[in-house]
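This report concerns only the one structure given below.
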């Protein structure tokens, strides 16, 4: 067997785990002057490390070919993660993690990456299995990121007012659902949705007007650049001044933010139709609107969706930022900006998590519609190679 | 020289004139200190900065500092240059507000970001709910300026005697048309700009020594500023990197600030206790839940 | 005499170019702006008259609404005068000069834009080529953008400050964070836009991924890249300004905006805002110029 | 030819020059041509000689830089607006987001023909080119020849009096090609349509046409116009007649002359 | 054929089914074929019968769903990695942002051949297809036939032993086509290349090939394989020989059978 055929990730995992057994697990307690914990005292961790060494070396030779092997690796990684967490909290390593601990985390990292890799490259004609695999990959990756966050924050003893660990954020999230729901309603349902629809809708219409009237295209587009570059920080106070403290001013900020990406993309898209296709429509003496609806808009769809996707994230950010500049005392931005001042950083992160969830779902919905509406685009064609 | 980084609570203005004067006039240098002053802003939470190691000493209001202490940032007050509170609620007379009894049903602008505690304890003392109901008040999170009052989006807004109040005056509304409620007068005053450090550091005598030199030099700066308000304002202007402040405003601010300064930097225990009691009395939602311990020390001022 | 003959031709020439239409639209905006200024400032002005028990005429009202100290919407000429003062009449090294503040903001914008574009393209390349990255990273790239930057900007500044990184870089990091995203999204689309037959062609040459990338994917992605760069550069300016706030807003256009809004000096806000917009417009024009150069070299029919 | 016949396409001293980055390309020069109602005119000539360009000028897709041209007595522009012709491009030019059937009904939609009528006509046209059964497929799921046939069906689906066809049968096998040739002839005989037809196949040109235009390359000129006398309802058999072979020979000679011209 | 000859392409019971939204399309079924070194094999068959698909399987652009295939004794995948073949697509597939010359040098660049060599080879190849003088033009400035010729030049520019050509001459006029046929034959005779060639022209197939494969449509099957005995250095004259006509007849019959099969 040649060197290149070895599974490098598993090799790294095995070596890192082996070193983890050798290096000290934790640092020295400042008060007692003693080392906080030893691997030898923690049977669970010792087993996990040993498992990593054994499985790592085994799979280095065998290779991780099948999904089953990937699952085995992930299972070992999950066990390892569990042990790592328990060491931190039950054996008081939090804040005192040493090189041994971090090497163990590195070993787990290699395992997780390899396991996700296998599942990501899984192909099946069975749709449910494929969907499941496509779902598991980002989730596993995300869970891993959360784990790393948790471990790094408590391992290094990062002050909670700088960055709380995910476990704490999660707890806060679950315990504050009523506040979160009210904020969500104020910011997302009222401000974001209306601002998004108005911003994208008006930009779309203006794009068509601009396209129709070359005079406007030459006159408005260069100025459009400038409007988009108006920093929200500057615009938000003005909008609050004009449209009041409630959601209307937030929607106005969103309209301004989303307008330009949509305008630029739509105008570009409207010119994306091929020359031959335009000639074809010309031979039918197809009128402006007919060509627009039958050729140019369909051809522009990939661009339009591009803007819709970018805007779906911009809109939420815009609303939250605008709430920093005056709001009634509800809303995600309001909560974030006040709770920072109150040092309730876990609440801040709970809101951020909510924003991320809502924004990702919003984006996902737009992406789903895109997939349905522009399935003809080469980028969605089933890739055979 | 020993390095000291000071994190201000707000942007460069005469509110912090003493420190800038001390820097500019070389008082810090005389005390063998190399001081860096970092301005704050609407986004800067000084407790967070000091917890992250971005500063050695911060300026904060006591309610916010005590609340942070409960949240795990072990802040300790080492000196209290400001003896009085400059906070007030400014209302338009035409709205018919004469006394706190007229508040229910009104819209009030309040600063948040840790500055809402005095207001909240005042309201709970008055027994007025802040949830926007029929017999409560509707609270707005006020931005940085007094526009909500001028544009009549709010009936009252929060102002400082030394800053926002004059912005209202500058906007063309004469003092006669305004009704102000000073927190001092309402008996709900809490301690404002104080100097805070992390508790752990105080066990190091060298640090305490450094801080006592720092506080002493700063107080020297404050005394100089009190006596020379115009020059102090100019020093502040020189240090304002944004170039946005005006001389007129800063001189006026300096004069008002002078009225809030105490005779020394030593924390008055009675004032401290008054602040704590006010914060604890918040009804169902007090700012702090238990009597803080070790939240102040005279160790630094004693060494001066 | 001759002027009347030449007149129309200059006119048509101007109107068929960009200058004419831009001017016309600008004039329209100015007119709207003045009308808006009168209407928005009138209530406070009338209040003031009433307070002073003053009688007033419409003409006077209009005149006064356009000359307020702290108007709700400053009139264009007020902003213009302020901008003239702060841009041309003051030494550019002065901290009251908008040129100085623009430069402060621009430097972190450009640094952020550079890093952001690079990062965006690299991510897109990874996502297009490595299945694992596509499936695991892409959803998180998207989620990252739903995090309100203003909320974590202070934390970024504090954390970077704690490990000794200060000055330009933290601001640029925030710019980067905002501007890499449109680049990634567009580039992923663009790098996947080659026709199936073109990919097949490269396959028959057994071109390496790298070669296919340089010869086919990248050129095909150019229109997508430039469309996104125009958005990205504008966004990275916004990012730089956001980044200026939690550093104590010491200098830069963001500091001007904030200071202006802190003291209710609308004229100052608007001139900082317009300066930011001008800077952005110039940046976008530069990107557009690069786009035309590159596409012309690629033989795209104009 | 009786003078009473109406001129559908009337071209006088037409020339067209493309301005390119490295100098002008003379695509057409001094072209004189009249196509009368009911004519079937084939254009044949070496690759790059300007056949497509000429068709595009007739279709108002390209502006001549000199000379005159009228379609049914009006300018090409007006003729296009009246939807005077159907055009089959050299490449299929199908819209990727429409199924085959909806590609074929596209012109009908534009001309605002009712839904049932559209589907009916699409069915007929697809049957004519032997693509029934592929209505619901998308263009990329079809072979090259099938795509080209779909584009022919699209041009036939609306009943223009003038058909402009640019190598419509280039990508088809002989059998299908023969079949479509026959169908096209039948259609022509039945409806008295006027057809302008670009081809590279000499037998095809001779078999289909009432008039063969032989062109020479850069600058594209007409070097020969050959009229044939076969009846409109001719059959494939005529390909064996001496007349046929003679005309084919004349065309080939013309082509060859054009080519040597080129060197 | 002497058994000593090396099999370049060896196909056994190959079949390929496309899964589409509305059911499977059986593109190839039970194809058995051997192409030996130095063979010139033409594929002929009705439009949509699977010729392109078969070529794509050989080129490792499509995966067979059944049967076996080897190229030079290895899998198509490995063969592709060794750059065993040059492929001419049915459509020109030129990169729009490259000039004609740079389109032709593309494969040479990828194979990391020196700059001078590249230009030299491109010149030669372009000359072969009579496109010299168009080096600096961009694809959209060329006529359809010229584009196709550019794509042929591109495939010839690097000297693969196996040429896969999918209707390369479909868009060309007879004279150019004859010329290119001759050039291709010369090349073949000179270099002993192996060629797999899809065409719709029966005379072309017979004239060029050492072996003609006749296919029938959906599911694509081989219905006849005809070997010809013309010498490698044949000339256009052979098209008049009775042998030629006889083979052409046999091909036509095969095609016709395939078509009637279809209905």
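Just so it is clear, A, B, C, D and E label the chains in written order, and each chain counts residues from 1 on its own.
Please note the rule applied: a residue touches a chain if its C-beta (ideal position, glycine included) is under 8 Å from a C-beta of that chain, and two chains touch if they have at least 3 such contacts.
Bear in mind the structure is a predicted one, so any value in this text is a computation, not a measurement.
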| item | value |
| --- | --- |
| Fewest touching-chain hops separating chain B from chain E | 2 |
| Any chain in contact with chain C as well as chain D | A, E |
| Greatest separation from chain A - chain, by CA centre | D |
| Chain pair with the higher count of C-beta pairs in contact (B-C, C-E) | B-C |
| Separation of chain B from chain C, taking each centre as the mean of its C-alpha atoms, in whole Å | 36 |
| Centroid spacing, where centroids are CA-atom means, of chain A and chain B in whole angstrom | 39 |
| CA centroid of chain B to CA centroid of chain D, Å | 86 |
| Chain A and chain C, separation of their C-alpha mean positions in angstrom | 24 |
| Touching two or more other chains - residue numbers and ranges from chain A | 162, 237, 241, 275, 324-325, 337, 340, 381 |
| Numbers and ranges of chain E residues touching at least 2 other chains | 91, 140 |
| Shared interface positions of chain B, touching two or more other chains | 42-43, 45, 48, 52, 143-144, 147, 151 |
| Parts of chain D lying in touch with chain E, wherever the complex brings them together | 18, 20-22, 25, 44-48, 52, 90-91, 136-137, 141-146, 149, 167, 170-177, 200-202, 252, 255-256, 259 |
| Contacting residues of chain B [partner chain C, same complex] | 8, 11, 38-45, 48-49, 52-54, 143-147, 150-151, 167, 170-174, 177, 240-245, 249 |
| Chain B-facing residues of chain C, complex | 44, 48, 51, 69-70, 72, 94-97, 101, 150, 153-155, 158-159, 161-162, 245-246, 248-251, 255-256, 258-265, 268 |
| Residues of chain C that touch chain E when the two form their complex | 195, 197-198, 200-207, 211, 215-216, 219, 222, 298-301 |
| Residues of chain D that touch chain A when the two form their complex | 56, 59-61, 80-83, 85-87, 89, 91, 93, 95-97, 106-107, 109-111, 138, 140 |
